[in-house]
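Scroll down for the structure; my scribbles are underneath it.
Every chain is named by a letter (A, B, C and D) in the order it is written, and numbering of its residues begins at 1.
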Amino acid sequence: MTLQHYLVISAILFTLGIFAVLTRRNAISILMGIELILNSCNLNFAAFSRFVTPPEDISGQIIAIFGIVLAAAEAAVFLAIILAIYREFGSIRPNEVDTLKG
Amino acid sequence: MTVSLISLILLCPLAAFAVFGLLGLANRRFPRQDYLSTAAMLIALACSFLLLREVVPEPETHTVNWVSLGSVTFSMGFYLDSVTAIMLIVVTLVSSLVHIFSMGYMHGDPRYPRFFAYLSLFSFSMLFLVVSDNLLGIYIGWELVGLCSYLLIGFWFEKDSAANACKKAFLTTRVGDVGMFIGMMMLFTKFKTLSLYGEGGIFALAASQLTTGDMVWLSIAGVLIFCGAIGKSAQMPLHTWLPDAMEGPTPVSALIHAATMVAAGVYLTARMFPILTETSSLVIAYVGGITALVAATIAIVRFDIKRVLAYSTISQLGYMMLAIGAGSYVAGLFHLTTHAFFKALLFLGSGSVIHAFHAMHAHGHDDEHEHDDSDAHGHEHNEDSDSGHVLGSEIPPDQDMRNMGGLRHKMPITFITMLIATLSISGVPFIFSGFWSKDAILAGVLGRAMEWNSVHHYILFIMALSAAGITAFYMFRLIFMTFFGEPRNQEMHDMAHESPLSMTVPLLILAVLSLPVVNTLWFNAAYVKPPPQPHLHAPAHAYIAPDTKGGTGLAFSLFGVSEAVAAEENAGHDTHGTHADDGHHGHGPAHTIAMVLSICVAGLGIFLSWLFYHRRTLSAESVTTTFRPIYDLFWHKYYFDEFYDGVLVALTVWKARLFAQFDGTVVDGIVNGVGVVTRDILAAFTGAFDNRVVDGIVNRVAQVTWAVGGRIRRIQTGAIQTYLFVVLAGIVLLILIFRAL
Amino acid sequence: MLLSLMIFIPLLGMIAVLLLPRESEELIKRVTLIPLALAVYLFISYDRSTAGTQYVVNAPWIDAFNIQYHIGIDGLSVTLLLLTALLGPICVIASWRNIEKGIKAYMALFLLLETGMLGFFAALDLFLFYVFFELTLLPMYFLIGIWGGPRREYAAIKFFLYTLFGSVLMLVAMIAVYLNSGDPGARTFDIPTLIALASTEGHALNNLNFQIWVFLGFFIGFAVKVPIFPFHTWLPDAHVEAPTAISVILAGILLKMGTYGLVRVNMAMFPLGLDHFTNGIGFWGNSLALLGFINIVYGSFCALAQTDFKKLVAYSSIGHMGFVILGLAARNDTGITGAILQMFNHGVISAMLFLLVGVLYDRAHHREINGFGGLGTRMPVYTGITTLAFMASLGLPGLSGFVGEALSLLGAYDEFKWLTILSTIGIVVGAAYFLWTLQRVFLGNLNPKYEDLPEINGREILTLVPLAILTILLGVWPNLAIDMFRESVTNLVNVLQAI
Amino acid sequence: MQPLSNIDSLLHFSPEILLVIFAAAVIILDLVVKNRESVAVAHLALVGCLCTLAAVLFIHFSFGNEEPVALFLGMIQLDVFATFFKVLLLLATAATILFSLRSEELDAKLKGEYYALLLAITLGMFLMASSTNLLMIFIALETVSLTSYILAGFLTHSPRSSEAAFKYITYGAVASGTMLFGLSLLFGMAGTGDLTQIGGRLTELLASGEVSSLTVLIAITFVLAGVGYKIASVPFHMWSPDVYEGAPIPITAFLSVASKSAGFALFIRFFYTGFGSTGLMQFVDWPFMLAIVSALTMTVGNLAALPQQNVKRLLAYSSIAHGGYLLMGGVLLTSEGVGAILFYLLVYLFMNLGAFYVVVLVANEMGSETIDGYRGLGSRAPLVALAMVVFLASLTGLPPLAGFFGKWLLFTAVLEQGYYWLALVGLLNSVVSLYYYARIFKVMYFEDAEEETSHVSFSTGTFALLSTFVIPTIFIGFLNIFYTFSNISVSVLPMQ
């Protein structure tokens, strides 16, 4: 497994995430897409720290870990907001949440 | 001494006007404005007689800096020479008489004080014009008299006809004035000054600096300045305002539109004498000649007594122009003075007649107002279209000669005085001033024609001569129709009566003034010297002014004037004029021929009109029918107004189609044809252009901006995924752009 | 010091007005009188024999950009300062009775406006100049917008946008001048310094191409104010909608700000640029004069087409400002003097005209020219004053309007023969529309609707008489004004001829 | 300079620590205070801000003002630049707290969390302004984002608020995710997270051709996506109108000023320390990219603002446009440009917050956020209307108000670098902007309220607060100190 493999995989993940975010008709799926994006980044950091930076420098992995944490926090907030949306709009289809426009 | 005198002459009338103005501002009126103004004029008159004694052979100038800039200064000042002195006397004299006459004539008018205030203002402006020594000053006085004529023509402004007439007068003359101003600009750019006299003045510079190469633009400048005279002196083709100007009170017509203001054009041309070139003189001569003839022919068929006099004025002014153009400087000015008196006399006389017809009512002019209101109402329906129709075609009954007749018993003084004036204007020999001046002009023209010795210039002389004959004819027609024969309108006739003293006295004085003896008191051969015309002939060296009798200003020779003219012919027209001084054997061949011929045509004219209008052996009607087309031509004043009207109506229709929203700007067609065209078409067009195009573009820009704003808004759909898509698209686009770069 | 006092007293007055209760209206009149008194003092004590600036105050302001509080007056400024200070109280008196709502706010805005105008004419630091220039916008916008006529909102915003558009271009040019005025440390906004630099050989400012561009930038900025065709369409709307006093200020002074700027900046600072547009080869060499000509003829004909009294006067202003442009384009002292005189006289005369229109409007409540008729019998005094104003405006000799026009034309003819000759059309047309209006409003039979129209009252006469006197005085004695700025003009001309 | 160890850093880090302490204290106080209506919590938060301000200034004058100091092994840099923004942000926070006190739309029960979150977000912004490491940058960004999501959705039972929060978080998550990806690429290429070294490394690699400039371009663009989203620059701006409209007014004000300022702090720090080297620029001309972005931003913002009816939304677009103006200063790579940004942000703080405060007042009194709510305000609340005129005129950039001086600095800097087209676009935009600001003037003064509502009166406190915005808006431009302040602040950045 070389660096390229990891990068390709993360690129695929990133693209999938973007795709999900753009196309899914459900807020939860969008959240998943976002998670995919973040994880692709984490994968990048881990891979780079493994292959590029000197072994004693683990900053890449640290960033990855922070990334996971922040992703979790973001997910929590996101879900909370989705609840609020469901309470107000009775639906979590993003395209129905469009009272603010213009 | 002279300065103080001139200042006094100027200040008196000005003060009289100022009093009125200030009181008017405070919303009071000064009941005895008439006395004030008249007194002011009389003082001025006295001063100008004193001034006459002051005049010394070489003229004097007194100037002050008016506008001083870094590189140039415009000065204002007096120029006093014999001509100035004479003009001063003419103006003050006529003006005073008119003042006195008006006391009777305008009595009971609601705006009586205002009338005299205007008269004073006019007198001031006219005097300022006369004495000022530079073109700028002349121009200022020029415009001011124009203003006064505007105010006085429109004195009874309730009449639409009067309102129109005054506007027409102002605008028509203004057209000429612009020409004059352009001429001034040309002179200024060349000489960097506008003062005429002195070594720094235009004349000196023109004499010294200009070469034959400059003749072209100098001629143009001369003609352009003459344009001013065309406007003010009602020469062709800007003459149409003068007949309409008769809407003003008759004394005004006498003062402004016969004696003084209209003569200012001649005065100006005479002042410009030294820089007139061959070409410009010719132009002036022809304009004058044509005007003289055409106006005379029109006058034949008028029935409105004032209109007849108006056209005769135009034609006489043409004479003077012709004289100046032909180089007979003295003759021109002499005719100016004589004409001033007898024409003023004629107008005042006609005024007295009109007044007589008015007097049937206690307050003549109130009645006149009613009557005018009525006919004004009558014309409201076609206010939109031209009121040029109204002018002339409608003759107020009290001015219509067809209502008159046999008045000589009723109003003897008026009759006698007017008769004298008529004899004078018709050029009846020897005892009437008009004869001498007119004869002098004819002689001058003939002499000039001979000297130009090219056949076609004789046409000038022929025009002048025939004009003289026709003048005699229509003037006596006027006399016969008014004072002889049976009264045609009985009840008006019964009411008629001789005018009060205040009106007859001025008539008598003027009658006396129409005798040459009196004129020669101040108008004398050696006394008025034609200035050199360096550009007319050989370069201006050694022109010796004739100085036979010195500047005493007194010469009791009856023939003094004609001698002077004769002298002038030799002097002025020989290249050097060395024997200009021997004015005694000055009777050139031209002079004799001219005198004889003029006597003949005058006699012929009088005789014919006696046949037509007194003996009635010949009936005007039959002649009319036989020469219908010619008669129509005359009757319609050569279709000048009709032409303008036609143009106007056509334009009005066209405009109504094109620029519907500008019906508001449909005009009463008073400005002459050009004025009408520009005003209607261009005004409407530019107005529309401004609203539609210029403003339109601006608003279009605004709309577009707004629309784009709307577009951008629509992208903001409110659906989050669209936003995200835009983000991604944006990123990709940015990357692509920068790969492309 | 005196000058600063003059500029900022209206500002203090504004604050006072805002703080004091509504009853203290009397004070406002007084406040506007102080600058007038000071201006008169300046007029008397001004040293006419020198071209230099006087009463100079020069204090550092924003060091970061070497911006100074630099004010001073030369002949041109003092003339226009006098005009401004004169029209101030007149406008206050004029708007005394016919502003009902919010008199406090009105006066406050008016005083702010006056500060802006006075400061503009006195500023000698380009930045300060611009600040005062812009300072007039907002008050004017509100004065038109709040107290204006039916379409006031449109007129106000139109005025605002037009002027702002012009002034941002001006801002670019100004910054460009600043940046080219020296190395980062030594840059300056000081107008005299800049003028000196612009004519020193080899300096960055003394470059034809550069000067052409900045000239254009400033020119458009000022052209909107003047206004010069085709930037003029805000003017008729603004005038028609604005209340009388504001129209007076608009025509009397704001227009002059444009022409003043042209002289102060475009001509003095960019002689090369000016040379290119007035003396260059081919079209561009005549462009400025051409604009003047278009203004004259176009404005006059548009005026002819109007049936709204006020709009007619507004368009006549456009025509008359054309003479100023023409005179300036001539670049000789005759033309420039004529232009400056025309600036002052037009300020006085158009002020009269708008006041007169206001008088009529207050009585008849409409301005439709054809709706009147025969008022001459009903209100003779008013008719008399109007006739005077009209005659002055159509350039009747003996009244001030003539001198400016004549000098401008005489000067311009030196440079542009045909354009000047064509411009004289404007003289005839000018006479045409004024006389025609005179006839439609005052002559003829009295329109029965106005049988009992009250005559002009004392307050209104009080506002008009000073202007009328000035009109006549300067008509018979122009040197009175010319003495003020002769030296400055000579100085300017020498600079221009040096090119 | 030698980075300080963690322990030594703590003293320099005291402002941030203070913020944390006060945030916690606020929550505790909120728990102990019985009376839900009391304003004690808010006041405590306010005190927190003031203490932090004091600490910031103390540290600045005791250590910070000569050499920049690297804290936590180079994670954070303490320098004048950071201090400037800290002061700015604290002012904004304090103002927001005061707004919130007076705003009537916030529900009283949740005050504790609200103020705690405000302090937390300030902490995050502090970090944004001072972090020099990819990790810190990301953490700071996320801290600010997460808290602001919550604050945007803080209005319970308000669909608009929730929707705003939803859009905000979705958009924000994607944007920050993209940015993180970009960061990872940078990290991978440079092999380090230290911002100060990345630029040098990248230049070497590009020069030696080991990495293609495309990769670098992609990385930079991805990062730009994150930063652009924070400063709401086209095409990453689309969240802001909706969020601004939906969020509580004080939060809108806070976002439009504080979060934008923090975003610019991050942007300047990142691009100037990171990619500021000319070597990099000849491979990736990001300034030009930014020039285009800024032109687009101000144009779109202004044009879209024209037809708006809701004043909050209108101000949202106007603040987008101002982001565009500010961005102009960023493309120049000159200290004048950045100094101009800083000065403008300072001015913007006062005028924009002031405008929003008027919006708060009007919303309280007339209960309306649409432009019609302002009808006749000129006669009903003269002073407030007058203040609004001052703020909006200053936003338009009319002299002699501070906004003009801000614009003046920006445009001078831009023209100095010869970006004539950019300056012209900016100036024409400010003409356009006049139009929609003038619409508010129009309704306030030219139109009378249809139902003759009585004269609205406000407490003196209100006027005091209002004047604290009005006076600076009028006078900042006249005083030299602020120019020098902003100029010193940029001295620490690497410029060529």
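Note that in this section a contact is a pair of C-beta atoms (placed from the backbone, for glycine too) under 8 Å apart; a residue touches a chain by one contact, two chains touch by 3 or more.
No experiment lies behind these values; they were computed from the predicted model shown.
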Quick one: which pair of chains has the most contacts?
-> B-C
Chain A to chain D, mean C-alpha position gap in Å, rounds to 26
Whole-angstrom distance, CA centroid of chain B to CA centroid of chain D, is 80
Go ahead and note the Å separation of the Cα centroids belonging to chain C and chain D.
-> 44
Euclidean distance of C-alpha centroids - chain B vs chain C, Å = 38
Tell me, which residues of chain D touch at least two other chains?
-> 166-167, 170, 174, 178, 241-242
Where chain A touches two or more other chains simultaneously, the residues are 18, 21, 94, 97-102
Set of chain B residues in contact with two or more other chains | 713, 716, 718, 720, 724
Please list, in label order, each pair of chains that touches.
-> A-B, A-D, B-C, B-D, C-D
Under the touch definition given earlier, write down the residues of chain B that touch chain D in their complex.
-> 705-706, 708-710, 712-713, 715-716, 718, 720, 722-724, 726-727, 729-731, 733-735, 737-739, 741
Listed in rising order, the residues of chain D that touch chain B in the complex are 166-167, 170-171, 174-175, 178, 214, 217-218, 221-222, 224-225, 229, 234-236, 238-239, 241-242, 284-285, 288-289, 292-293, 300, 303-307, 432
In the complex formed with chain B, which residues of chain A make contact?
-> 18, 21-23, 94-95, 97-102
Hey, which residues of chain B end up touching chain C in the complex?
-> 21, 24-25, 27, 65-72, 136, 139-140, 142-144, 147, 150, 154, 157-158, 160, 162-164, 167, 170-171, 174-175, 178, 181-182, 184-186, 188-189, 373, 376-377, 662, 664-665, 667, 671, 675, 678-679, 682-688, 690, 694-695, 697-698
Interfacial residue positions of chain D with respect to chain C in the complex = 378-379, 382, 389, 393, 398-400, 404, 408, 411-412, 415-416, 420, 423-424, 427-428, 430-431, 434-435, 438, 441-442, 445-446, 477-478, 480, 483-484, 487
